[in-house]
Every structure is written in C-alpha cells, then in structure tokens.
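In what follows, a single structure is set out as structure tokens and then discussed.
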Amino acid sequence: MTSTSQKVAGIPAAPSVRRGRPRLGEKAIEALLVLAAIVSVATTVGIVISLAVPTVEFFGTVSLGEFVTETLWTPLFAEKHYGVLPLLVATLIVTAIAVTIAIPVGLGSAIYLSEYAGNRTRAFLKPILEILAGIPTVVYGFFALLAVNPWLRDIWPSQTKPEFQNMLVAGIAMGLMIVPTVASLAEDAMTAVPRSLREGAYALASTKMQVSTRVVLPAALSGIVAAIVLGISRALGETMIVTIAAGLKTDGIIVNPIDGAATMTAYIAGAGQGDLPVDSLDYLTIFAVGSTLFLFTLALNALSIRMVRRFREVYE
Amino acid sequence: MTTTTNPRGPSSADVRAELTRRRFRPAETAFKLALQACLAIGLAFLVALLAFAVTKGWHRLDARLWENMPTGRVSRAGEAGVQSAIWGTVWVISLTAAICLPTGVLAAIYLEEYADNTRWYNRLLELNIQNLAGVPSIVFGILGLGLIARVIGLGFTVATAAVVLSLLVLPTVIIASREAIRAVPQSIRHASYALGATRWQTVSRQVLPAAVPGIATGSILALSRAIGEAAPLILLGAVTFIRFNPDSLLSAYTTLPIQIYNLIKEPQAEFQELAAAAIVLMLVVLLAMNSIAIFVRNRFTKRW
Amino acid sequence: MTYPEDPMDTTIVPPRLSAGLSLHPSGATHGGENTPVIDLADVAVWYGDYQAVRGVSMPVARNQITAMIGPSGCGKSTVLRSLNRMNDLIGGARVTGVVSYHGQDLYARDVDPIEVRRRIGMVFQKPNPFPKSIYDNVTYGLKVNKMDTGRTDDLVEQALRGAALWDEVKDKLKTSALALSGGQQQRLCIARTIAVRPEVILMDEPCSALDPIATGKIEDLMHELAASYTIVIVTHNMQQAARVSHRTAFFTAELDDAGVRHGRLVEFNDTGRIFTNPADKRTEDYITGRFG
Amino acid sequence: ACGGSGESSGEPSGAAQLSGDIKIDGSSTVGPLSKAAADIFADEQPKVNVTVGISGTGGGFKKFCNGETDISDASRPIKDEEKKACADKGITFTELIVANDALTVVVNKEATWVDCLTVAQLKAVWEPDSKVDNWNQIDPKFPNEPLKLYGAGTDSGTFDYFTAAINGKEKASRTNYTPSEDDNVLVQGVAASKGGMGYFGYTYFEENADKLKALKIDGGAGCVAPSTATAQDGTYKPLARPLFVYVAKASAAKEHVRTFVDFYIANIDEVVKEAKYVPLTAAQKTTLAAEFEAFKKG
Amino acid sequence: MTYPEDPMDTTIVPPRLSAGLSLHPSGATHGGENTPVIDLADVAVWYGDYQAVRGVSMPVARNQITAMIGPSGCGKSTVLRSLNRMNDLIGGARVTGVVSYHGQDLYARDVDPIEVRRRIGMVFQKPNPFPKSIYDNVTYGLKVNKMDTGRTDDLVEQALRGAALWDEVKDKLKTSALALSGGQQQRLCIARTIAVRPEVILMDEPCSALDPIATGKIEDLMHELAASYTIVIVTHNMQQAARVSHRTAFFTAELDDAGVRHGRLVEFNDTGRIFTNPADKRTEDYITGRFG
C-alpha cells in the first residue's frame, strides 16, 4: 500500500498505533491514587502501633491474668487494681440496654419503611430518621442527663431512684442513637429482597404482615444481623453519652442498671481528659483499655462484614 | 370431567359471600400499629430533644453566643458566649475537609477505577476500609494522643485535631465516593475510551463530574459527623479553658461539642442554658448540612 | 377487535369448544366446561396517568387454558395481574371496567384481595421459590391460609405430585429450594400454588427462564392441571400458545392520536382459529412473524 | 485594672501589647481562679493566649515538672517526690497562695438526721475497704438509709488532701463511690439521692446551697461549719486549706508570663470574687506580693 | 467457512474506491473495494477460562459496511470489541490469534490501545451520550486527543452534519444531550465518533434501542458514512443487515464435546450471497427463521 493511495482515498496516512512517548502523567496520577488509598492502611497500622506498644509496656507491669480476672479497676487509687472486668461489664450492660431498644424500634421502623410506607412517606421519613444519626453524641448525653433522667426518676416506681448518672439512661439514649443505623441498614437489606419473592408470597394469599415476617425478614436475615451487629459495635464504642450520662464510677462490678458505672470508653475519656503524663502506668491504662475495646469492635466488625457479604451473595 | 381436588362450580352467591366476608385480622392491625409506634418513638425522641434544647437555650439564642467569654468570670456568666469554640470548629473542620476530601476521593477512585480487585492487596485494602469505618472514635483519639500529638510531636493543636478527624471520617468519604463512582454507568466509560481517552481523562472528565453529587452528599454527611465529634478531641487537649480564637494550624483550640461538654459540667444555670443554646446552634448547622446533602442527593443525583 | 361470540353471553351459549380443542395435543375434550370463571368487560389498567392497556373484554372459561400473546409491552402481564389484584401491589396502578369472578366484581369495595388471591393463584416468569426448604415452600401457603390441618405431609406430597415434582425431590424435602434446577424450581412454584387449592392459576411466561426440556415438562404439567384448574397463561412464544392453550387472546400495542402507546386486545378466539385462520390482519402478521 | 508591682504592666490600659502563650494546668479546684484571672487579663492583653487545663493537682505537677506548663494550679502543697521530679528536669519555681478553701462535706437536703460528723466517723465511711454503706452504720441513731458516696476524682488535689486529712494517707480511700473531676456531677449526684454524701470545695457548695446541706466537722474541738471566716482563720479543721499556684522560673523570665502573674496578684481580690473563693487575709496578700517580687529578683 | 477472496492479498490491490462510492447506497455492487483495513486470523476470545468465541478469520474491507449477525450469545459483540481493544476493559478477557490493522498486529506489546481506539471508533447499542451539552459531547474526543485546533466550532458542525443531526440541534448546542430523543442521541454518539476522524467505526446493535423511524435515519446515515469510513456493524436484525451491509458474517454458538458453548464464524460473504444463496445450512436455517 502506498501513501499516494492513502491520499487518493482520503484516509489518514499510514496509521501508527504504536506507543508514542510514555504517558508519564498517567503514571504519576496512579501513584498519587495509590498513595491516597494507602493512607487508610497507614491509619490502621498507626492505630495498632499506638495501641500495641503502650499495651505491651502495660503488661510488663500488670499481669494479663490480673487484667482479665480481677474484679476491681482502681488504677488511680492508693491501692491499685487492674481488673478490666468492671469496665467491661458496664460496657456490656449499657450496650445491652441500647440494643434492647434499638432492635425492636430499628427493625420495626425498617419493616414499616420497606413494606408498608408508600414511596412518598418513605422519602419523607427516612431522611428524618437519618437526622437522628447525625446529631452529635454530646447532645444525646446532655439530653439524657438533664431531661431523660429527671423524667425517669419522676416516673420511677420504686423508692430507690436511679442515680444522677446511671447506665439505664445512657443505654436508652444510646439505643435511640443507634436506631437509625439499625433501621437504615436493615431497610437496605429488606429492599434488596427481590420483588419476585414478595409477589410469590402475595400470590399465595399472604397478608402484609405474613409477607414481612415470613418471607422478607428471613430472606434478609443476614443483612439484618449485620445491621444489628454494626449497631452493637457503635454502642460499644460510643463515648460521650456514657461519659456524660453514666459517669465514671469503677466500683467493682456494678450490675444494677440504675447505678452509674464507667464503661471502657468513659474510662478512657475520663482518664484522658486529665491528660495523664506520658510514661506513667496511669497513662498506659488508657491504651490497655483501648486495646481491649479495639479488639472487641474488630471482632464485631468482622462478623458484620461477613454477614453483609452473605446477604449480597444470595441475590446478586 | 371429574376431579376430587377442586369443587366444580361454586355458586355466585357463595363466591360473593366468601370474597366479601369482612375479615377482622387483629394481628395484622396490631402489627402495623406496632411498626408505626416504632417509628413514632424515634421521631418523638427527636422532637423531644429538639424541643428541650430550644426551650432551654431559647433566651441565650442571641448575639451573646458570639461573645468570647467562656466560663472564666462567674459574675458575668450571663454574658458568656462561645466565639472561640465556633472559630475552633471552623478551623478544625476546614482543615479536616482539606485533608480528608481529596484523600478520600482519590482513594475511592483508585479502588473503583484502577485497582484490580482480584489482587489480594486490593481486597485487603477494601476490608481495611470497612473495618476502619467501625473503629470507635475514641480509639482514633488514642491514635492522635499516642502517635500524632506525642511521637510526631504535633501537640494538642488544630492540626492534630484535624488529622485525627480526617482519618476518622476518611472511610465514610471513601465508601460514599465509591458508591457514587460506581453509580456512573459503564457505558459512559466505554464511550470515553472508544473516543481514544486515557484512563485518567475518562475518570477526570466523565466519571468524576457525573459522580460529584454523590460524592458531595457523602462528604457533607461525613463532615457533619466530624463537626459533632467530641470523644477523640477530649484526648487531644480541647477541653482546656480557651478564650482566644485559633490563629494558626499550631494553635491551641476548642470546638463547639467540647465547649458544650464543658458547659454542661458547670454548676451555674446560665452555663447550662448557654450549652443548650450552643447545641441549638450546632443542630441548626448540622440540619442545614443534612438538608443540603439530601437536596443534592435528590436533585442532582442522576438516574441513569 | 374480533370477537367470535359475544362474551357476555357465554353463560347461556351452549358449549362449542370441541373444534378448537381437537387441536390440543392430548386430544382431551372439554365440552361443557366453558362457563366463564372470570369475565373481563371493557377493562383498562392505568399506571398513574398512563393507560397501559384498554378495552379488554374476554371470558376465561373453566378448566381450560387461555393464552395471552402479543408483542412485548402490549399489556399481557398487566391484564393478567389484574385478574387476582396483584396490581394492587404496584403504587399508582388502577383498574377500570369490570373484572368479575363467578359474577362477583373483583374490584368491588368490599372484596378482600387476599381472599381473591387464595382462589386465583399465580406463577411467575422467573421461578421465585422462597429461600427455604422445598417442604417449607409448599407449606407456606397452607400456613398463611391456616389450612394447616395436621395432614400437612400428605398435602405436600399431593401438591408435589400434582406438579410432577414428587419423584425428583421426595428424598430431599428439607433441602433448600434454591438448590433445584430452574425447571424444578418452576414446578415447585406450581406445587406451592396448587397446595392452597386455588380455582384458577395465572401463569406469566412461566417457561421463559427455562431450557427446552424443562419447558416441555411444564407444558405437560399444564395439560394435566387443566383437568382440575382453570389456567390463564401469558407467553411470548407463539408455538407454546399453540401447543398448550384452548383459547388465545392476541394483544398488541398501538399509538393513540397523542402518540402514546396503549395495549389492546385485538382478537380472542379458539386457539386453532387464531393460528390457522385469524380474523384480524394484525394477528396474522404477528403469527407469521411479519410484525414488529 | 490597676497595675500593681510589675514593671511592664505598671501602666493602665495603655500598657505595651504583649503576645505569647501561657500554659496553666493542674487543680480543678484552683482552675476557676486561673480561668478568672485569664479571662480578666484577656481584656487587657488580648494577644496573650492563656490556656487553663484542669488535669488535677497531681496531673498538673507531672506536666509542670516535665516543663510542659508555665504555671501549675494546686489544691495542696507540692510533694517531695514532685519536687524531685522538677529538680531532675532543672525546673525551679515559686509557690504562691492565692485563695483559701474549706473542703465541704455535703449531704442531701432531706438528710435531716445529721448536722455534724466527727473525723473518726468520716474516716469510717471513707477509709479503704470501708464496709459502711448505710447511714445507720455510721451512727445507730441514723435512719436506715443507703449511703451513696460522691467524691473527688483520683487525680485531684482535693482527693489527695481529703484522703490525707481524713484517712491519714494520701490516695488511701474506699473505691466504691462515684469519683468525678467534675464537681457538678457531685452536686447533682448528692442532690439526687436522699442518702447521698460527697465532698468538694466550699465554693461549689455555696453555689448550690439551695440544693445541698453542708455538714459541720468535729476535728476534736467541737463542730465547726465551713465558712469564709472559719476557712481564713483555720478553725475549720482539718479540711480548711490554702490554694496554690506554682510559677516556673524559666517562664517568669518571659515578659508576658511575668506580666500575667503580676496581674493575677494585683487583681487577686477580683479574681477570688469571680471564682467565688474565700479571699486571702490582708497578711496573706502581703506575703503573696512579696514572694513573687522576691522570686522575680532572685 | 466460506471466504470469497483471499483477504491476505488485498494490500496489493490498488485503491478502487470511487466505484463503490457512486453506487452506494442504492443497490451497490462492491467489487474491488476489499482492501482489508482490519484482518482477523484465527481469532479467539476468552473470558477467564471460558472461550466465548473461536476460530474467527475474516477481513474488514475499506469503505464498506461489514455486518455481523447470529443468534444471541454467539460472540458478535465479543469479536467486535476485540477490534479496537475494548475487551481490555473487561477483567479477565483475552484475545488470541491475530487481529491486524493495516498489517499491524493490534495486540502486539508495543501497541497503544488508546491510539487504537482513536483510529477505530465505536458506537454502542444503547445511545450513551455524556451528561453534558451537545457541543461538549462532540468536542470531548477532540479535547482528549488534543485535536482542539481552534476551529472547534467548525469541526463540531462538520461532525453533526456528518451524522445528519445538525439541522435538528444547531440552535441548542449548549443544551444537555440527555434531552435529545433516543435516535438523536444515537446520531450524536455517531457525530462524537466521527469528530475524531477515525478510520473505522464499529457499531454494536446501534439501532436496537430505537424506534423504526430513528432506525431508518441511522441506516441512511450509515450508507452516507460508508463513503468515508469503514464500518463494522453488529445487528440482531437480519433485515437490517440485508439493507445496509456490503458483506455479512454469520456467527453461531455451538456446544463442544464437553457441553460448553462457543461462538464461531459460520459463513462470511457478500451480503447478497448470504441472504439469497447461503453456502451453509445453518445460515440458511437462521435466515429463514427456522433456527433457534
């Protein structure tokens, strides 16, 4: 083929599709993108290092055995005990109260939004519910301490009224705080249940409730469990509500929810705001408790991620 | 023809009777009411919370909020305001936005447009981000305290706070941006490539502009979370008494949620009211941000 | 629209179906069973402001298979869903005209749609078994309809036999229905439907997701079911309509003056007539593939 | 404001505009004094950024002796080991008494059965491993009412002072009570429970006298109520105490810090009034001014 | 497989374009215009471990319209995408055999796929305009290829005229492309493609999302474009292939011994021959509708 023929034909001259100069800009940009992605990995590494190093140092002084079996947490008193159980128990109690509220309220809202509400109602209600998720937790703490608690004490049936700061009120506020998380994720899971399953059920003469509870809920179960697990993990890690509303008492293992008690997060915040000096054992306790909290939420996250993945797999 | 399974001809009257028999389904009604109650509880709590803050803070919702006198002089508690906390929030959040938005969006672009997700390291990256999204904020505070303030030596400054808050909301920004990017149909990318565009040209000229509303929505929500965040900052020196506005990245600072936390602790009723007023201020800002996010989501997100 | 007989009169007209039925592969005769179970009179269906289909009048005769065919989007599924009020589930959908079932207007104010669906079951285009065991799929309808009489195991067997699935699944009733093949899943959906003993079974393209072998099985099954049930089937496959149905309704979609497409019923007749000697030019074009 | 003894802050509001940071940390009891001083000072010198942390007396000293702060607030005198820590880092300082306080033991308004407790009774309640958790265990005459205890946070000088004064050993305390650095929690907590008892600085009590009742303390010489007078003359035993600030030498060498401390001293009456503390006696005030003058020179 | 002329020889055939151009679109004969611009030799495409299509050898002659037809899933789109390396964008996709473009192996190591796509443009099944203005859609290719010569307005007009869209949009160049009708959008996509002056335009079922009127316009346009461009079109519509193309490749999918379906090229020939006198029985069956 000659170039003359090319011109006659009005076709571009002998086409070269070979690589010209290397596209350096493209490479540079890709490197930048990788770098940005690595920030998140660096964060995790940073967290692990900043927790692990002082924690190891802490366990150089305090035995792991004492940490997990001792029932007193008094690192800042003359007679020091380093049993994390009181903090852990308080954390679990507050979380349990929160979850007891958030699961029914969250799931109920989710079922309503996904199965009952019309498009317009949903479009209106869902953002409002999401506002609840966006309110700073200090505000929840403030409200719990100064409004919910007095009210609770007023209506409290027995003589022994709830303390000024108590786990119950913190749990209630926290439960309502995680309602949107649970509701929104559970609703996503339910919406992901294919329409065809619902139609199949309706065609068998099911009522709405039957479709919701017997078909949609079971089919969305792993997604719903993931939503709940995520809610639990948020409750475990919540700090301000418990600091403000449940207090910092670390008197052995406290199980009565109308008493105040320090959760792991509240202890960290309480001890940390005094800005304990570096290198003291007091300072190290923050990291030891932080590590415990981190491990707990890590396990829950892993569980929730697996659940979400499972429910995605079912239909996709 | 005969059959045992199905009655032959039901009479019209029978059918009419059966189809129109009024069935009272109490469980059905109760269930629906219960569901509505669930929603009502959430909404009632929201309303009660707003009402409480507004009534309590009502007569402090005026120019005094802008005064710069925190809790120093009890005799003048009635004149105290939260100016330095507002400025602190503005500084910290601006810097947070400047750090986490580009990082988050770039990371999202990498994961969606460049990463080969059959590679273990990319899957790990993804898993890591999901995990990070669930790490409690106080743990980020510990990261800031142990590593950024102490080891790196940024101290208890605006910069440290912004870095910590950026890392805290980074997963949210990444996840939201990824979703927005993923929502851009493949056909747009293919059209661009078919015109001889390079990958970055395709991303920067087609994918990103189309994903902007989604990214903006996610970013606004992430930043509104950062604004309200107090726990990590408690560990990062924000609780100290500060009555001056930050003037550099290495300034000491306080923020609105922290100042609210401080005010709640004061015994004077004026300070409680000021706390309520500051809460209303913060809620107004957050509601505005949420509304903008929802508006952007509804108005500009393309349905392809 | 061509209407061979006045559908309103069918109740009093003596049965004249045998001509059409002789075409039927099984050679069954169904004389005398054309009392319309369902009757549509000037039915139109709206989605919000959009009238998807209009002017549909046709009877559905007892213990026969009535097929609806026509090009995509002409409103076959829409009309089918209007027969058991499945359209209620679509926000904004609305039915006008009269759909009567044994003379009862299905859309009358006091009619309970759940009761309607109990009597008029439905099988969908894509098999949609619940993500539960085979057994639970079949018993689901029994449970929600409180038909759980203690003889559940028998009923399950009966339903699965009725759907020609029993032999294939009898040893694994407790395993997940999702592990079945597409054809098996579709037969399971049929079993699930007949377990609640409806009078009518609506099928919306029940074979379009299936391979030819599975399709063959479902078609055989339909023949058997026609002995005890009234069946309405939507199909995009003309051969299938010709093979299985007694009567066929041909729909099409046409632009109105404003340029909006509406579906309408073009011709309703014995299947034999529709496929050998259609009255309407459009039907003929469609049948012979000259259309669309 | 009237400049007192300082050279640079001598002139009234026309004084040279200084700038710089001043870091104060330490006692939450003394914090209000330093905050008030900082707040008033800011009207004069807006470019001097004063931060006041409340890490508690102990926490404050740890930072002070680490060279992290300029001024340390303390609700008890510095301890020997803390002095040593300072010396190790080469930090020299002066101690200034800025106000008086009476650690006040408070009970619920409804606790009509009690007006006065002896030190021994308090010790029985607060000593380590105390098993007292009902009022009738303190005194059989008291009603059967569960005891709810609220006390100072473990990192506070108040805690150190109270445990030393009542239990005889610093930080030796029972642990099953609600500790808080945040006195408001203590006020609210005691106000909320009929059997509540707590202790904190006198000012917090005065602020909340409508909600709480202060107990008289019998330190061996009969029951004495906490008050300005009994705090100043020391008859409120053993819980009357002076409050301190410690100023680092190196910091005092800086003009803006020196100016601030001069201002603090010159305006001590207003500061104490704003923070609602028991003011210094005339003698104490003279000593205060003299000591800082001497420190600046020496 | 039927191969009318040896494609390997075409490079030495002198240009004879004018003949073809004058004839087209009104019943053209295409003798002599067979210089292959693209040539496939034993091409196979894999998606991971699955060989979607194999054994494809065919030339694409200059300034002609080459159509690919065949039942769904036989690999038409797959082969088409292999011509401008769009398959690169699908993870796990791999091409074996040789696809040469003016004698250059397109899959050689040092070939820049971006440069390939500049020269071999593509129009997709569903119109996919960018969510920008009409003007920006057309200039996009110019910009990314740095062809922004200052005469942009002229080039835009030229491209839009070339795509027979100019008159309809010249007054609203700055309005969103998404506001155009489907057919206009598809022509815009063609305008956008010709704006960068590729040599070859690949079209994957470019009319399947369009109504008959829009389809007619696009077909007319193809005829015009064939004067200056080489066009390869995939279509599921045999009539369309017969109407527009000069040559037709018929693909089908067959099971191999292991029961896996692979697409293959059955017959390649002048369109007239394929539709009137196919060499292969399968082609004939398909053409006459007896297939699938």
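First chain written, first letter: the chains are A, B, C, D and E, and each begins at residue 1.
Keep this in mind: contacts are C-beta pairs under 8 Å (C-beta built on N, C-alpha and C of every residue); 3 or more make two chains touch, one makes a residue touch a chain.
Remember, predicted model here, so these are calculated numbers, not experimental data.
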**Item:** Both-way neighbours, i.e. chains that touch chain B and touch chain A
**Value:** C, D, E
**Request:** Find the chain most remote from chain C, comparing centres computed as mean CA coordinates.
**Result:** D
**Asked** For chain E, which other chain has the most distant CA centre?
**Response** D
**Prompt:** Rounded to the nearest 5 degrees, what angle rotates chain C onto chain E on CA?
**Reply:** 175
**Fill in**
Most contacts overall join chains A-B
**Message:** Taking the mean of the C-alpha atoms as each chain's centre, how many Å separate chain C from chain E?
**Reply:** 42
**Distance from the mean Cα position of chain D to that of chain A, given in whole angstrom** = 40
**Item:** Length of the line joining the C-alpha centres of chain A and chain C, rounded to whole Å
**Value:** 49
**Message:** Counting only Cα atoms for the centres, state how far chain C is from chain D in Å.
**Reply:** 87
**Request:** For chain B, write out the residues touching at least two other chains, lowest number first.
**Result:** 198, 237, 239, 264
**chain E, residues touching no fewer than two other chains** = 115, 119
**Request:** Would you mind listing the residues of chain A that make contact with two or more other chains?
**Result:** 207, 273, 275
**Fill in**
A full list of chain pairs that touch reads A-B, A-C, A-D, A-E, B-C, B-D, B-E
**Asked** Along chain B, where are the residues that touch chain C in the complex?
**Response** 1, 3, 5-7, 9-12, 14-16, 18-23
**Prompt:** So in the complex, which bits of chain C are touching chain B?
**Reply:** 30, 33, 35, 62-63, 101-104, 106, 108, 110-112, 114-116, 119, 158, 162, 194, 197, 199, 227-229
**Contact footprint of chain E on chain B as seen in their complex** = 116, 118, 185, 187-198, 201, 205-206, 209-210, 302
**Request:** Mind listing the chain A positions that touch chain B in their complex?
**Result:** 23, 25-26, 29-30, 32-37, 39-41, 43-44, 46-47, 49-51, 53-54, 104-109, 111-113, 116, 123, 125, 127-132, 134-143, 145-147, 176, 179-180, 183, 207-209, 212-213, 230, 233-234, 236-240, 243-244, 265, 268-269, 272-273, 275, 278, 286-287, 290, 293-294, 297-298, 300-302, 304-305
**Request:** Please give the residue numbers of chain E that touch chain B in the complex, ascending.
**Result:** 84, 86, 89, 91, 114-115, 117-119, 121-124, 126, 128-132, 140-141, 143-145, 189, 192-193, 196
